[in-house]
Amino acid sequence: MENLQKILGELEALKINMHDGDFLLTWEKSHDEILATLKTAAALKNLYENNISARVFDSGLAVSQFRDNSTRTRFSFASAANLLGLTVQDLDEGKSQIAHGETVRETSNMISFLTEVVGIRDDMYLGAGNTYMREVAASLEKGHKEGVLHQRPAVVNLQCDVDHPTQSMADLMHLEHYYGSLEKLRGKKIAMTWAYSPSYGKPLSVPQGIICLLSRMGMNVTLAYPEGYSLIQDCIDIAGRNANQSGGSFRVVNSMEEAFEDADIVYPKSWAPFRVMERRTELLRQKNQDALKELEKECLEGNARFKNWECTEEKMRLTKGGKALYMHCLPADITAVSCRAGEVSASVFDRYRVETYKEAGYKPYVIAAMMLLGRFKRPAAVLGELARRGKKRVG
Amino acid sequence: MENLQKILGELEALKINMHDGDFLLTWEKSHDEILATLKTAAALKNLYENNISARVFDSGLAVSQFRDNSTRTRFSFASAANLLGLTVQDLDEGKSQIAHGETVRETSNMISFLTEVVGIRDDMYLGAGNTYMREVAASLEKGHKEGVLHQRPAVVNLQCDVDHPTQSMADLMHLEHYYGSLEKLRGKKIAMTWAYSPSYGKPLSVPQGIICLLSRMGMNVTLAYPEGYSLIQDCIDIAGRNANQSGGSFRVVNSMEEAFEDADIVYPKSWAPFRVMERRTELLRQKNQDALKELEKECLEGNARFKNWECTEEKMRLTKGGKALYMHCLPADITAVSCRAGEVSASVFDRYRVETYKEAGYKPYVIAAMMLLGRFKRPAAVLGELARRGKKRVG
Amino acid sequence: MENLQKILGELEALKINMHDGDFLLTWEKSHDEILATLKTAAALKNLYENNISARVFDSGLAVSQFRDNSTRTRFSFASAANLLGLTVQDLDEGKSQIAHGETVRETSNMISFLTEVVGIRDDMYLGAGNTYMREVAASLEKGHKEGVLHQRPAVVNLQCDVDHPTQSMADLMHLEHYYGSLEKLRGKKIAMTWAYSPSYGKPLSVPQGIICLLSRMGMNVTLAYPEGYSLIQDCIDIAGRNANQSGGSFRVVNSMEEAFEDADIVYPKSWAPFRVMERRTELLRQKNQDALKELEKECLEGNARFKNWECTEEKMRLTKGGKALYMHCLPADITAVSCRAGEVSASVFDRYRVETYKEAGYKPYVIAAMMLLGRFKRPAAVLGELARRGKKRVG
């Protein structure tokens, strides 16, 4: 859409303080910093699509640590690292000689002597994932100050118990492109709603990330869930404050239909109840397998009471002109495709399938932007230099 | 052997249509396309051996998916990707969050946003491996057309239930170099024969690939196996037609000795009977462990009836001048070395050991050629530009 | 510290014969070769810290094979490979199709067609690890001579049953920087002592590597262990001879206190008794799980008799001015931090924590130096050319 020079001019004008820092929660970032992330991602996408190499690194490692299974994010992280010239080295705790009792501080330093970025997914333990990322970041900061590390690697949150910033930022970039600009998002109604799924224990970080980020864009955000499926209270509070400040709105309802009413955008997605996640975290720590099984059974039975929370054609007709944009972080639980009854009917999903794929396609650029902003003080100059150099990526 | 300019001139003259396509079966490729693959592989080998970098990509991913264990092909794929400047990202289904019921279409797109090549090994399920590759390829084709993927990744078959094109093409390249030219292969007699092995369930793709490819070169191809060890009928038909068209011949016999008689080349190699593989595929799908064990026992007992199908010194004396070239895709089951009784006697293998290693050594270049041809419309121009650039690979 | 031109001048003056060779044991290397490794590592560190790319390879593989868990060495190897422009390809025996009975010779060749370096960790079996590395090296040497391999990959010992040269060389580099020069190490007293650990089966290679290397530097080396915890006799002999030749000294005592007396440097570190490791090797080969358990129990009970072999503040007061430098290869068993009772008290470790991290930080450069020296005949010229080229590593 925009040309590169325009993007870089706008990026240059933003006041940001992201160099030698991390990307852990969108709400720790200023409005300019959110914009800078989008602009940088757009610039990298522009370079890629114009076959200009974006290798700002001739060597260097990007360490990944996945404490939960992952395909999409793993490939997005690998793509982002590769785009910038970094090589992924995975910290696989199974193959590691991480001694019992070895400190996070020590491991963080040991893996970082020639490392530029550390990407972490840690979303299983409520109250633990983001805390762990902060401990890693603090260790790297200290290691750099103590002279152990020549450079200060940037930590990128690849999904924690609180936020999923690479997802929410990719979602925002998708909306920006879909509607033509961020300005056009003002006043748009989005329904971030719970949806039924036959699976269990899905993290809360996607809905939390979405309500906390989109409420900053002057959008009217409705969060909908069945009773008992509330999110972390802090996130609810943040979304409310953000809406106030941005001139948007934020409300919570207990009806999918109510949320869909006149919505421009719908984001129906399952998650586990906050209280279940809390108990699960405890039980996981106790390694209490019996109680975990019991909890899973209970939780699935709980979900089953809300099978009607499905994004159907009927519900879609409630949205603005019956034509709301359907969003999902994928993979969606599609009724009669991936499960008997799920989050969305096959016909709705099919109509928006290509859009959801494009939505996912922004993630590599968003992650690369977070990496670049964490490592370079003057991102616009760096990107401009790449364009001037004009080295072909292919051929 | 040939110098680079000669190779590129010949490559330039070929009529090919491989750009934005896949390499799934050799018999889907025209004669010129087979030649182009050999020429491109030879050019890449020439560049490598002259210490000229063949990095046509400054960044980009080569995704690998191994649905069966692999060393040789895994390393060949990694070498090929690295030679061209691509970074391997492995799709490990064990570590993936590939949701139950997630479509191949979705996964294929999700791993391909910045991907140039997808290499797949899927040889366990008869009737399924090649089908799966086609589904991935169709998904990528569609994703590219729908605007999800900026580029159209090329799918390379790293062994399926039907063909093993990276092996058969490496074998052909070995023969070309061994005899000096493809022309010299005309009229040469090759015995592709079953051989006894104490192991079970070996795929049919190597013999199928060999008879279908070498029958195109004007060679006299004899396929030999004990009763009950036939191959997929389609491949038999193709080999016959190819031989007719190329001026060679193709016949099937049930005697190793008959096949060896006056042969220039012998390729003794074990495989499972087609019918066993069919039943095994069914039972694997049913996860019927008991029946699978029974089938294995039965199959090994079946094999044991043919322990005399061993490539011995005695049998080698039947070949032309007693000096046929011995070929194998490795690892071979060597009698008294890797097993009590196997495909080949130690003394025969030892005499040809270095040749079999060289045979394997063509594979990285063949795979790199398939990658390059799938991604570049004018391969000769691209390779010529690499030579002109003359960037040192080392030092 | 020193500037690059000075380092390269000194490197140029050394007489070395490391090209197309391996780095398996420090005591197989001449004094000049040890110095060349340190100089090359220092030059690479200098380039890195001055943001000059050290990519001497535009493509090529560095194969790693870890037959034991590893974090530190795995990341150091990956960093070193990446620094020089090589891509790590891991030979994971679990995912490999290494046939039962397949020879080391064959596998070594199959993984090396486009490979520059092979790094191996194999420290579990006494009498086997180093032997295995030699077999790989001999196979590569032969493969190169036979024309199978275009280049002769260098094997780097990433820890075996006998030596841990990447560790001992990093330790030496740390001492060189800590004291300002190798000259200043002359006459310094180092106590390489056993220490108590609640864990079992730690290799002997670190203490063996340390006594054999530092005894060459004119240092006064004291090895201390409780009765029954002796090392491989050959290493004891080598350390004695080295000390004689270098003008240093070497002695063995059975008291931690005696070793600490007036020491400039202490290196308290647990290891298993030689005889236990011997029996363990036998039992591992027999897969005798019951006997292995019994042995572990016995060994831990044995260790427990020596809980007073802990590096405490009290013992540190025995050292020179109470201020000996504490060293460790990490992770250390820290009393009341990583275990109830361990090798070192928390307060001692904390005081030297940053130094131990810096000590570990030399490892990537040491490994990269071993790679470079194994592959280039004129390392000073190669490094000088990198400096002249002056390609930025970042930005």
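We call the chains A, B and C, going by the order they appear; numbering starts again at 1 in every chain.
The working rule: contacts are C-beta pairs under 8 Å (C-beta built on N, C-alpha and C of every residue); 3 or more make two chains touch, one makes a residue touch a chain.
Keep in mind that what you see is a predicted model, and the values were worked out from it rather than measured.
Novice: Quick one: superpose subunit B on subunit C by CA and send over the rotation angle as a multiple of 5°.
Specialist: 120
Novice: Is it true that over half of the residue numbers where subunit A touches subunit C are used by both copies, so same, or is it different?
Specialist: different
Novice: Between subunit A and subunit C, what distance separates the C-alpha centroids? Give it in angstrom.
Specialist: So the centroids are 41 Å from each other.
Novice: Any chance you could list the residues of subunit A touching two or more other chains?
Specialist: Residue numbers touching two or more other chains: 87.
Novice: Per the contact definition, I'd like the list of subunit C residues that touch subunit A in the complex.
Specialist: My answer: residues 48-49, 53-55, 66, 68-72, 74-76, 78-79, 82-83, 85, 87-88, 199, 330-331, 333-334, 337-339, 354, 357-358, 360-361, 363-364, 391-395.
Novice: Any idea which subunit A residues touch subunit C in the complex?
Specialist: Interface residues on the subunit A side: 56-61, 63, 87, 89, 91, 95-103, 106-107, 109-111, 113-116, 143, 146-150, 375-376, 382, 385.
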